[in-house]
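For clarity, chains are labelled A, B, C, D and E in written order, and residue numbers in each chain start from 1.
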Amino acid sequence: MIFGLHPLLLVTFLPLVGFLIILFLKAEQKNAIRWTALLTSLATFGASLAMLAQFDPARGDLQLVYRTSWLRVGGISIDFYLGVDGLSILLVLLTTFLTPIAILSTWSAVEERVKGFMAFFLLLETGMLGVFLALDLVLFYIFWEFTLVPMYFLIGVWGGERRVYAAVKFFLFTMFGSLLMLLAILVMGLQAGSFAWNDLLAQRQLFAQTQLWLFLAFALAFAIKVPMFPLHTWLPDAHVEAPTAGSVILAGVLLKMGGYGFLRFNLPFFPEASLQAAPYMAVLAVIGILYGAAVSLMQKDVKKLVAYSSVSHLGFVMLGIFAFTQQGLAGGVLQMINHGLSTGALFLIVGMLYERRHTREMSAYGGIWKVMPILGALTLIVMLSSAGLPGLNGFVGEFTILLGAFGSQVLNSPYFAGAATIGVILAAVYLLVMFERVFLGPVRVEANLSLKDLNAREVITLLPVLVLIFWIGLYPAPFFDLINPSVERLVALVQSMAVLAIH
Amino acid sequence: MPMSYYLILSAAMFAIGVLGVILRRNPLVVFMSLELMFNAANLVFVAFSAYHQILDGDLFVFFVMTTAAAEVAVGLALMVAIFRAKHTIDLDEMSMLKG
Amino acid sequence: MNLSDFILTLPILVLLAWALLLLVVDLWVPKGRKGIVAALAALGLAVTIGVTLSQAGNGGLAFQNMIMADGFAVYLNVLYLVSGLVVIALSHDYLKRMNLERGEFYPLMFLSIAGMMLVTQAYNLIMVFLALEFLSIPLYVLAGLARERPESEESSLKYFLLGTFSSAFVLYGIALIFGATATTGLSEIIASVQEGAVNLPIFLAGAALMLVGFAFKLAAVPFHEWAPDVYQGAPTPVASFMAVAVKTAGVAVLLRVFLTAFPTLAAEMAPLGWGIAALTMLVGNILAIAQTNLKRLLAYSSISHGGYLLMAFVAYGNPQVAGQAVAAMLFYLLAYTLTTFGAWAVVISVEQADYQGLELEDYAGLGLKYPWLGVAMLVFMLSLTGIPLTMGFWGKLFLFRAAVDAGYVELALIGLLSSLISAYYYLRVVVMMFMRSGEPRIRRDGWLSLVAVGSALAVVGLSLLPNQILQMAAQAILSLQ
Amino acid sequence: MNFETVLPLAPWVVFFPVLGIILNLLFGKRLGEKGIGVIASLAAGLSFGVAALLALGLTGHPEGGTYHLLRWLAIGDFTADWNFRVDTLSVTMMLVVAGVGTLIHIYSIGYMHADVRHEGDPARFRRFFVFLNLFVAAMMILVSADNFLMLFVGWEGVGLCSYLLIGFWFEKGAGGIANAQAAKKAFVVNRIGDFGLLIAIFLIFYNFGSLDFETVFAQAPQVAAVLPGVILAITLFMLLGVTGKSAQLPLYVWLPDAMAGPTPVSALIHAATMVTAGVYLVARSQALYQQIALAQDVVMWVGAATALFAATIALGQYDIKKVLAYSTISQLGFMVTAVGMGAAVAGMFHLVTHAFFKALLFLGAGSVILGLEHGHEHAAAHGSHTEEGHHAAFDPQDMRNMGGLRGKMPLTFWVYLIGALALAGIAPLSGFFSKDEILADASLHHPAVYVVLTAAAFLTAFYVARQLAMVFFGKPRSEAAAGAVESPPVVTVPLVILAVLAAVGGLLNFPTTHWLEKWLEHSLYGVQPAKFILSVALISLAVALAGLLVGWLIYGRKPLADARQPDPLARPLNGLFLALENKWWVDELYQALVVRPYLRLAQFLAQPVDQGVIDGLVNGVGNLMRATAQSWRRIQNGYVRSYALTILLGVVLVITYLVLR
Amino acid sequence: MDIGVLLVYGILGLTVIVSAIGLIVSRNALYSALFLVVNFIAVGLLYLALGAPFIAFAQVTVYAGSIMVLFIFVIMLLGAENLPLTEPLRGQRALGILLVLIFLAEIVLYYLLRTTPLQAIPIIPQTFASPAEIGMILFNRYLLPFEVTAFILLAATVGAILLSKHEGPTRPKPGIQKPETPVEG
């Protein structure tokens, strides 16, 4: 209990308090609004740390469970049911961690309609936290679907040139997947007489016959969100048009909802179907890795490049998940965090450049390291983290994933991991090309000569991310300690099914 | 007479009424076709009333006639109003709203 | 005929009496002060609501089994009466603005509402037919209220002709049912079915033709084509009334007749309902994509919502599911009523005295300039799409739940996909309001704003406690089964 | 010294450089160049001190040990600790890295002082030393690793430093971008090698259940007996890593370009230490390689082929550093051959001596370049235009612009001469002994390799002679050369120290004492006692002298008259020389075979596939919906009769259903 | 059944059909109205045959009488406008006829094939459907419908007034001519 409130409730709904306060502020009080949003999100981060303190990492089960009946439909209860375990706790922390950073990044970038922006941002935070914490499937769906709205506005109102196109595409594309998921949720809930996660898990043999379809319905929703090749085309558009903070959250957190969904629902609920689908998912993941890397190399717009790099990076996550080994799964979870940090930071950096030059075309830059040494150095670190350089976070995730996938009995072939490892080379190619075009070489454009280096606020925005990048890279053990017990359970769960399937 | 005589006869009336609605451009004629359809239904009522030896069918017809009268009042008033506004009652002229 | 007959029909009687009162009073109220009539009308509806609610719990058949007073009727009657209240709020300023103030407006609306109440309570096919006519005839007139507008006249005539056309099918259907069962009383029909003294094929044909007629009232595809034209041409508050109340009445009569009298035909009706529901959802939503006129857009939207409702109707034959399905429909009707009236209130706010301001472009920048109105409209659009934290979400969830529960997963899938299509055009409205800049003009009117903001708050607020409403709906349908 | 007491010091070989980085980052700006240089050099020096202490500790406890620092990763059955392996092999590498590294740090204080001013950004002085310290740290992680994962961490870490330092002057080079591109090329090519190493690591984990050296090597014979194919795969994938890091065929192409980095970098990273990591890896993994003869043969032939191939290219280069770069590749080929043959001690021996003399040569070349830059600036300051034209076109690294520096820079000349002769393999300099050991081993077991290596040795001597002649003899061929002056002591003192080491380094494994062999046999697998074969030694000396002599005959006797005169070999060898000059067009070949196809593929995926097909499908669905809506709209034509018809259609359908039911 | 009765029924049926067809094919609305009257009368005769004299008379008086008079009155008022016979809607005529034929065919087929055979209509007693009996039922069982009908008529009346009443001074709308002569509904 924190202030007499359940910690998960506090974490989930604290942003709403800020939202309400902002509603009562005048639109002209921009700074008050900004500070409210920042402080609320920091308080939420604090609350999530308090949650972490109460979390017992040695246990792999759901903890800090909060459950209260909400409504009953035809004898089936829909509960307000929250809980956290090793699969979700890091994602919750990532969310509460990135939100204040994203808000801080808007300080001077968003000048118009600050009130609406911050209001939507805090709403979005609540939605995302709810997704990671909800254990009732209907409640999960509510949070899941609800996150679309604030993000839609963040892109559509505060976005770039083609923002409307991008926002609508984002909304419809992701909604398409989630609708099928809703159908699957209904089918399952009605069959099992409950929408609660653990009830469904306990009765999963009920879906043994239909599980392939159910798996596909869930998988579609999550694969779109991840996004997996070939369902990824909403992502570059959304990223390019979204405002910086939106991109940070989109890449940092929203995409993780897909990977998390696979872990939380697909794998435990439909183990046989998951095992059956694993090779196909792995093929898509590997294609995504290589394809994302290749396409990203050809982009002229930095943001688009980073967006396609997400396709590649999240391919690793999916490969790890569908390797069904502890290393793969744990690496997958960690890689989600890693991607959130490094890609989030890359978007912050792009935003900082954009704020100065109002273009994202790489040809407009070149030699920026010389005029902005601090930014250059920070970008270098982030870029290397994204490229998976040992000593930085990206490597830890990629290595464990590849290690896990390489000997996966489910995939039963080292070629998946082998091909994915080529992605490590290609990642170096596109990231170095990006770094070269923007930061290296001589300063070619007159306007770039007078660029000011980062100010203190911008450095403070990036610094926490960098600290984590180094922390995870240099000493990842504590993070894995949080993840491992839950992953162990998950693997045991799936493997018991696999054994059954063989016999 | 066999029941099917009435049924088929009424069906034919009904069908012709439908055809009138579909083909005629004069709303008055369309309206008359509608009355024809109502009558077809009435015939079924009366026939079945006799068939079952129950009066409810006949009463139904009575109410139908009354409501038909009400409809005629409204319908004709409407047509008159339209004619005064547009100086035509060509139904096909009434196709501004579409799409 | 005895006292209990009158007590059970008291709400209708009060309403009819009040309609007569209004007709008379209107003669004494000078042209500029029609507000008095409106207020009086509102009072009448409020009184009737009170009377209706006082009857909750005591019910039964009246007038020789002609009419049924039960929870189902109370629930829906309140919905009609509230709709009436809302329409008064919507039309008071509108009529003045459009120079349409007629003394007969409110009485006619009252009569139509009385028809709806009757159709909801009807327990004999004769009552069904008469009540349908009763609710329709005032609407034919109200649609043509703006006589100087050719569109209004056109919509009135179209509605009249097609309405009568569909009535003929209903009538023919009733005639066949009478022929098959030798009765028109709902309970007698089912009794004679159970006795086996029924010519089933003719019975079935009659039921199918009645379904066609009801589908017309619901504006279900392919019997829907009147709706967009009529909504567009009719004065906007009337259109909103039709979109909400007539559809509700259509659902009511459909449920009443089919659940009470034709439960044995469920197996045969299900494929028909399936097809109509699927077509309605798809066609309604797809055609809405192409609309730029807000009234038409909402019309197609309301068509598609009829489809969602029918989806649960398909499940009515499954006794395990029927209760849930109908409760879901009742819940949805409430959600739909709140949401749709809110949306129409916004449309009326933006509509100009010269009938301009109905195009999508006229909404450009609305949300930015008038945030309250914009956010309210946003809530309505989200609710119509079925995004969580709105009543629309729960409504759809319950409907889809019912369909899935009854085994119509494919239908639910079609429904979900058509929701996706609908998201596109609802989002277009949102895009216009918040993502394009423009100089929108609105009519500032307290009642309109009240309806818009109040509905929005209700749509969001009630969504947090859906349980209460759902239980209410579940209570309401106990007597139907 | 007691081994147990010094063992806990092991992590400090990494921590000292890291400390240097932190201090320089925090206070460097205030300390000025001197302070920065001192801190960084001190960090490397202390690291060397620790390595020396560890070495002393090992004398009494030569089997070594590991120091557990922390558990780095633990997931399921996979654990990876950060342990420091202290044994004779790793400490040898530490001594080389830190020793040569310290000298180069000190040298860099002087060199970079001049360089940052010449390139026009003095603020970058600090950055250089931070990178240099980072390199030492990463290299130490690499050589001290106790398992393949930590080795990989260091492996990539040094790659990063290489990238950073090659691109140190990222706005310079041809078109302003060539340096950055060279850096990128180095990183990417290394990544290709790392890909191999990663796969090897995965294979090791799944076949040995661990990545710890101890566990893996102990099981190697058993696994090899059961799964020889797996060991072959592991070793060959590892070889791919080696060819990347140690610049062997076919991945050597990055090293010549890497000369874009400042000269101390070339000396430290691209000659003495980092590039030898591959040799170290193979030496360390002898337990795996010696299980499979085929793997050994492949490694050996890759090395031998590289040795000869790179030596040929060195003949046709004009850039003083490029010559040295190809020479490095060639010498690395010798080492790889050695470790491939199983003569790991010989390979390590050559690694150490090569570190001395090649560092010396590079630093000497750096001194020459400094001299030339000084001369060039001097000339430019006096306003007299050189015949090379304007400032930008002048290349202070082009040997054609040099000549006659023997008199201008005497100290540099003498130390350079020592290094060059050591490289050529002239007794009794260090290079002679180490190379001879390799040749001797080859002559015993692999005569064909022996022939190839001897040919390479001849070419080595030949291009050494060519370089000496072009740089130091004859007359100055440019004003810059004419105005060159000797470098300051901070530059020359390390040169002298290295010269001494290069001269006497042969003592380390002198044929009679075999100190190094006795030292390393505790940590190397399957060490065979080396034999000194007099005939081989004499032949190799003769070959070296012959090479020098031929070189002198062609280049020394009649020096080039001016910078534009073509190479004397160009006419007689004609097309062949053109091929040499163009490095056998390998870069172009790779461009055509790998780079351009990949770019074309990527473009194909990005445009027609991604935007066209995939996104086109997505938008196509949307457009289809809109089109459907527009076409269906026409059904709603406004005619009430038409609506009635539609209703009728519905009714007919319903009745059809009833009839057909 | 003897031939005479059959003949009567045949002629009546034929009259019904022919007059109905006449209704929808007459170019002049007035003729249509007259055809309808004929049709109503013929149907009324059938009612009589079916033992429903009250309904039959109501049919003739209410329908064929009042309602049709109203029709004819309006036709006269509006001027029997002869609309062109061309069909502006492509396919409407063909499709309409086709669908109607299918509709009819299906219904007939359905009656004849799918339906449990219906017996012949029994002999109808004289007392059946006498006005007195109808009155009894009307005011007893059918009281509520009867009242509702009254309100329907009220609604229709009010509606008709509203539609045709000449309202007070309105804003003149450009482009739309206002009728000069008010017509009371």
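We adopt the following convention: a residue touches a chain if its C-beta (ideal position, glycine included) is under 8 Å from a C-beta of that chain, and two chains touch if they have at least 3 such contacts.
These numbers come from a predicted model, not from an experiment.
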Checklist outcome for this item: Listing by label each chain that touches chain B and chain C gives D, E
Item to check | Partner chains shared by chain C and chain D (touch criterion as defined above) | outcome: A, B, E
Checklist entry - If you take the mean of the Cα atoms for each chain, which one ends up farthest from chain E? => result D
Checklist entry - Looking at CA centres, what chain is most distant from chain B? => result D
Checklist entry - Any idea which two chains share the most contacting C-beta pairs? => result B-E
Checklist entry - Which chain is the middle one, judged by CA centres? => result A
Checklist outcome for this item: Chain centres from averaged Cα atoms put chain C and chain E apart, in whole Å, by 30
Checklist outcome for this item: So, in whole Å, the Cα centroid of chain D is separated from that of chain E by 101
Next on the checklist: How many angstrom lie between the centres of chain A and chain D, each centre taken as the mean Cα position?
Outcome noted: 37
Next on the checklist: With centres defined as the mean C-alpha position, give me the chain A-chain B separation in Å.
Outcome noted: 64
Checklist entry - In chain C, which residues are in touch with two or more of the other chains? => result 126, 130, 133, 137, 140-141, 144, 147-148, 150, 157-158, 161, 165, 201, 205, 228-229, 290, 424
Checklist outcome for this item: Within chain A, the set of residues that touch 2 or more other chains is 172
Checklist outcome for this item: So chain B residues touching two or more other chains come to 17-18, 21-25, 30-31, 42, 47, 49, 51, 56, 59, 63, 67, 70-71, 74, 78-79, 81, 85, 91-92, 94-99
Checklist entry - Pairwise, which chains touch? => result A-C, A-D, B-C, B-D, B-E, C-D, C-E, D-E
Item to check | chain E residues within the chain D interface of the complex | outcome: 89, 92, 95-96, 99-100, 102-103, 106-107, 109-110, 114
Next on the checklist: Under the stated contact criterion, what part of chain B meets chain C in this complex?
Outcome noted: 14, 17, 21, 27, 30-31, 34, 37-38, 40-42, 44-45, 47-49, 51-52, 54, 56-57, 59-60, 63-64, 67, 70-71, 74-75, 78-79, 81-82, 85-86, 91, 94-99
Item to check | chain A residues within the chain C interface of the complex | outcome: 70-74, 113, 138, 141-143, 145-146, 148-149, 152-153, 156-157, 163-164, 167-168, 171-172, 175-176, 179-180, 182-183, 186-187, 189-190
Checklist entry - Inside the complex, what are the residues of chain D that reach chain A? => result 70-78, 121, 123, 149, 152-157, 160, 163-164, 167, 170-171, 176-177, 180-181, 183-184, 187-188, 191-192, 194-195, 198-199, 201-203, 205-206, 598-599, 601-603, 605-607, 610, 614-615, 618, 622
Next on the checklist: Which stretch or stretches of chain D touch chain C in the complex?
Outcome noted: 622, 625-626, 628-630, 632-633, 635-636, 638, 640, 642-644, 646-647, 649-651, 653-655, 657-658, 661
